[in-house]
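In the two assemblies presented below, subunit A is common to both, partnered first by subunit B and then by subunit C.
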Partner chain A sequence: MVAANKTSILVLDDETIVLKRLRPALEKAGYEVEVFSRSSEASERITQKDFEIVITDLKMPGLDGMQFLTMVKERSPTTEVIVITGFATMETAKESFQKGAFDFLAKPFKLGEIQEIVKKAEAKVLKNRMQ
Partner chain B sequence: MNWIFGWFKQTLRHGRGPSKQVPFATLFGLFQTILALNNQILDLIAGMGTKLGGNYVFDRQYIRSTCEQLADLVYKLIYNLNAMAPGKYPALYDAFRTIHQEIQEELAGRLVIPQTDYTMPYHLISRDFGDVVGSKNANLAEVKNLLGLPTPEGFAITTRAFQSFLKHNELQEKIQGIATSWENEEITTEAAEAEIKALIMSGTVHPGLQKAIRKALDDLCLRAGDKDVHLALRSSAKGEDTEMSFAGQYLSVLNETPGKVLDSYKEVLASTYPRSAMEYRRQKGFAEGEVAMAVGCQLMIDTKVSGVLYTLDPRSPEREVMLLTANWGLGAPLVAGEVSADEYAVARKSPHSVTAINIVRKETALFPKQGGGTEFRLLDEALQTRSALTDDLINSIVEEGLIIERHFKKPQDIEWAFDQSDRLFILQTRPLRIKAQSGHMACDISSALKKYPIIFENKGVVAQEGIGAGKAFLIKTDDDLVAFPEGAVLVSRYTSPRLAKAIRKASAVITDVGSPTGHMATIAREFQVPTIVNTAVATELLRSGQEITVDARQNVVYEGTVTELCYYEFADEAFEETYEYRLLRRVLKRIAPLNLLDPSDKDFVPEACKTFHDITRFTHEKAAQQLIHLEYANVAGSQTAGRKLDFDIPLALVLIDIGGGLVVSANARSVQPKDVLSLPMRAFLEGLIVPGAWNTDPVSLDFGGFMSSLTRTFSLKMATPRYVGQNLAVISKEYANLSLRLGYHFNMIDAYISKNANDNYVYFRFLGGVTDVTRRSRRVRLLGDILAKNDFRTDVQGDLVVARIKKLDIDGMQRKMRLLGLLVAYTRQLDIRMVSEGEMTRSLEDFEALKNAHGGSTTF
Partner chain C sequence: MKILVAVDRSSYSAYAVEEAARLARNTLANVTLLGVLSPKEARKNHHDPASVAWGPSHPLAKALGQYRESFLSYFEEKDSPYLNREFDYELIEVAKGVWQELGVCRSARKSLKVRTRLGNPVKQILAEAEEDESDLIIVGCSEQKQCFWEGDANVPERLANGAACSVLVVKEERNVRKIVCCLDQDKTSQESLEMINQMVSIHHADLEVIGMSDGEGLKSEVERKMNSILKYYLDRQINPQIKVVPLSSLEEFISKEARQDLMALWMGKKSVLENVLPWTKVKRVIKASHSSVLILR
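Let's turn to the complex of A and B:
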């Protein structure tokens, strides 16, 4: 029950199936995971806590993923943001990277793929912390 | 390929007179478009299928957009075929509209129950029919049909019957009115319930529904071989949520005579519908659709003792025990808590010892009454104090219980009964809700996992997701399969189809070799057994009897039984139970199955197309026929006339030359292989006619389950064009497009070979037809292996092989075409020969040997 030294991840997607699938996979891999299906609640949460990694969908009602990404990076520049989207285009990918996303993944994806990316993001977070 | 089309247009336009028919260049362009669409469609369908395996995270958006994309492509396909053959296949549009409409309804989540009758016998029900027959009926049918455990014979009166009952009696609006008053707190819950109940009881079962129920009863009597049957009617609502919230509210009418079934049907509806309908509204809000009720109608079991099994004690799951209660006679009063019952706590682990026992005095029990109905009877003094179950009976219940739990991936709440001859029947099963918050499960899963040594991880590929724990059991011989213990983990070197009989007993499967798209994956998926294939190390690192836990989600195999992981899974919603999984499975039913098999069959018509795959298949076939059968001689001049290739192998091949593909002097009706100038086609033919490739010895041909179970001898010389198929090659000096129908498989090869290596390519696509799934996937795998071994970029998905190679020089490309020729000749006979896995390995070696044997005269 020592949650303190676990890497924390926030997942935001308006399709709950994505949360249902990602949460157990990430928890079992040793991460501390919080999931949100509404961007308003997720943006509320990031004012209370700085997550090390954020995984967000792009297209959502209300505040969209691109805005959320901007918000996260403004509040906490060291947070690594992974963008997942079913509407993957070169433009959205480019825009995500310009806004500071760590990586960009098109849905559907394999669980293994996102776990790989999360691992890399975690390594970067840890490395930055050491410096 | 568009540039080729453009080039054809230009070449062919010269010197052609006006014609009423579609000009050949246009026709061939359309044909090319159809092939391209065909390829895209099959890729999309195969992709959707693999999403069900559990490796992928997909959402509704994916399902919606893929369905849209597919519908768009299929529509274009039909359009192009009708452009090739104007006005010939308008019925395809109707077939398309019907299928498209059904998919749209599914996507909209509407409570539409298309194509179902008012009743459905249990033997035709699978888990996909949950919306039609209710979850309880669907679960029971799955226990019967997939697990093969004894359940009462019977049928479901569907949710569609219920809808029609409401509609006929104009009840929907009245009920909504009452529910609204209740929501506005104008009337109490009790009053609302009573009013809705009265409405239902006052309704009449309309003649159509009456007739359907009577017919189902007659059929049931016929199956039972008894005219004088007695029945139990049980409610079965659509949707687990409502059912779980109202477990206690559901009524069974027991020991009813057929004459009273209509009344009992209403009674079951009236007693269960009002409460669940109101609760559903309370939970989901106004916008959601209504609850739909189905009812199960089952033969009564001549019950001696009955009761309930919880496969895990929900109060303290960490104790690892099952809870069993039992009483004499029928189980209804026990379920309702009206009588006291004997209680047993039984270890979940084999040998399932009874760890606690509480025998109570059982004064009365419920029994069927002569002539229908039930009555409480005073029990003999001896029975009152005796344990209702012996150790043997306890053991048989808990073993079946664990089989059911393993299948449904959750602890189960099971109603069971023994008849007078001690035969066990499962009457009902549903998931038992285990609270995630209860101490044991709230544990930190990742640190809990650290306690267990990992035997290996990330070896191989997950073919079916899930968690399974048990003793490893290594399969080496067929005898091992017979001895395979219930609940063990099946460990095997190969993924042989022979394993199928043991898979249903296995808690998980691990193999050294094998493919996630192969046969094993199909079986594992059907039985939902967690499976990891191609680990390379399993048989080496695991030994029989070793306790292991297979995490076929994270791809880890642990030493010992990781109970934390199992409970974590219990509390988690299974992937197969998610809405998205079920939705994808449901839409795929209208997309993926192939019903149109034999083009010579009279049912090979647009009207018989039930899926997008059917339409695609039909269109491809007809498009090729259109090119083959048209009399080009009169239309486009002799140059593009279709000519039969005259050679000594049983492959009816028609060649259409669109420029420089044949010797000019070639005679009008048939050509010799030597007349073929087309670079890709010539190479292909050289491979095709290699001596020894066409084995003309009589071989034993087992049509296995496809034509008949008879084994006949069959010589390839005897093969009629009906089996061999009509095949088409459109060629030019540098190009060849082959559409081959080999038996029931479809093979397309598209190649361009010129001096400019950068433009060169060969594209190979093979789609297996029917025959049983085992042989089919073996063939596909063999093709994939051979092509990959010969440098093709190869992609195998389910029943589809796609292989490409590009940018070799003329010599290199021709070698590849020769190889494909040899491969086509060789695989033509594979169905006949690939009877076992060993045969497949031999075939691969065989092929290479055959290839090498001709290294001198023909180079590959």
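Let's turn to the complex of A and C:
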């Protein structure tokens, strides 16, 4: 059974190796995690549930991460979105923040670095929840 | 991504800072600029041999300050992820059960740390990389065969050999048009592929992936691995050239390519490349190379 007060995180990356790495680490840190390797499935899921944090890759077949970020923020403006990418450019970083991303993280990264960002995003989510 | 830029006072360190800034501008990396003061240098011109003549007027401290400003100059103020903009007061637990209201600034998206450590340069740089969990160490090196690192001329090569993360040895030549990547066919880490992706993006460079053959062409296992690497890049709209080089002429090939292109070598502990290209030869490649060399882990 999932505890009701756990922060919910959706992770979207077409590279399953990234999902395999992130899921256990985030679950171990106490988050409720759902992972998707297809953006179409993740898009479907966010119509059913508002996640508190979304972690999304940018370059993916089909709907890309930028479009997914837009979709998430339109549906749920309080969801904090962390963009991860293996092909970082200044333009994509700027665009991500313009679209409301909480943070932008280039690959490769260690688990500690993304966990730190998730913690900050969670603090913001909790602060907003209390207001 | 966390980048550790190891610098000394030599002019090539400025190129390393420049390369780090270029990479950070795209990746918004957390960056540490690290200078290492050898104990001998620290006590120079000081009467008490036990004390350290370290302070803001020390030449290394001045150089670090200049590198910091040079790094920040790559970012427009409005876009800089390293600038602190909003100060606030926050209760921080300064000791167990003791809280203090401290002025904090949390608005910088990413961190730029400037640090100095005292001791052996290689040991201190590796310790910093380990403690900070760096993904990449960037270090400068002169184009001449002899590097002038203070205290130890072999610092770049020894870092490349000893680091657990990837190491980019930056030469003074900066225009990277092609990245020649000798990836290990047996075990290619996800991190190394991602590091190559970032390099290709930043330099808008062509990518050439080298497979190694034993003279009888690619064996099926090697071929399978090369195909999966090719597919990985094609899926990401990168069209790498694939080249097969006989193991017997690999050293010659690398030495030749390292004269003009960014040479990326996968040198993991279980790497095939490490077996066929002993470390002493890699050190020669780093020294002899006119362009930058990226050691991937």
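Rule of thumb we're sticking to: the second predicted complex is superposed on the first by the 129 of 131 C-alpha atoms of A that agree within 3 Å, B and C clash if a C-alpha of one lies under 4 Å from a C-alpha of the other, contacts with A are read in each partner's own complex, and residues count from 1 in each chain.
Criterion: contacts are C-beta pairs under 8 Å (C-beta built on N, C-alpha and C of every residue); 3 or more make two chains touch, one makes a residue touch a chain.
These figures come from a predicted structure and were not determined experimentally.
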Q: With everything superposed onto subunit A, say whether subunit B and subunit C fit together or clash.
A: clash
(Q) So in the superposed three-chain picture, is A:108 touching just subunit B, just subunit C, both, or none of them (first/second/both/neither)? (A) both
Q.
With both complexes overlaid on chain A, does A:90 touch subunit B (first), subunit C (second), both or neither?
A. second
Q: Tell me which partner A:17 touches in the superposition: subunit B (first), subunit C (second), both or neither.
A: both
Q: In the overlay, answer first, second, both or neither for which of subunit B and subunit C A:61 touches.
A: second
Q: Based on the superposed arrangement, let me know which partner A:25 touches: subunit B (first), subunit C (second), both, or neither?
A: first
Q | Region of subunit B that runs into subunit C when the structures are aligned on their shared chain, from 362-370, 398-406, 452-460 or 614-622 | A | 614-622
Q | Overlap of subunit C and subunit B interfaces on subunit A (superposed complexes) | A | 15, 17-18, 59, 86, 107-110, 112
Q | In the complex with subunit A, residue positions of subunit C that touch it | A | 1-2, 25-30, 79, 109, 133, 135, 190-191, 193-195, 197-198, 201, 235-237
Q.
Looking at the complex, which residues from subunit A come into contact with subunit C?
A. 15, 17-18, 59, 61, 86-90, 93-94, 103-110, 112-113
Q. What part of subunit B is in contact with subunit A in the complex they form?
A. 51, 55-62, 65, 443-447, 449, 551, 553-555, 565, 568, 572-573, 575, 578-580
Q.
Can you tell me which positions in subunit A touch subunit B when the two form their complex?
A. 1-3, 6, 13, 15, 17-18, 20-22, 24-25, 27-31, 59, 86, 107-112, 114
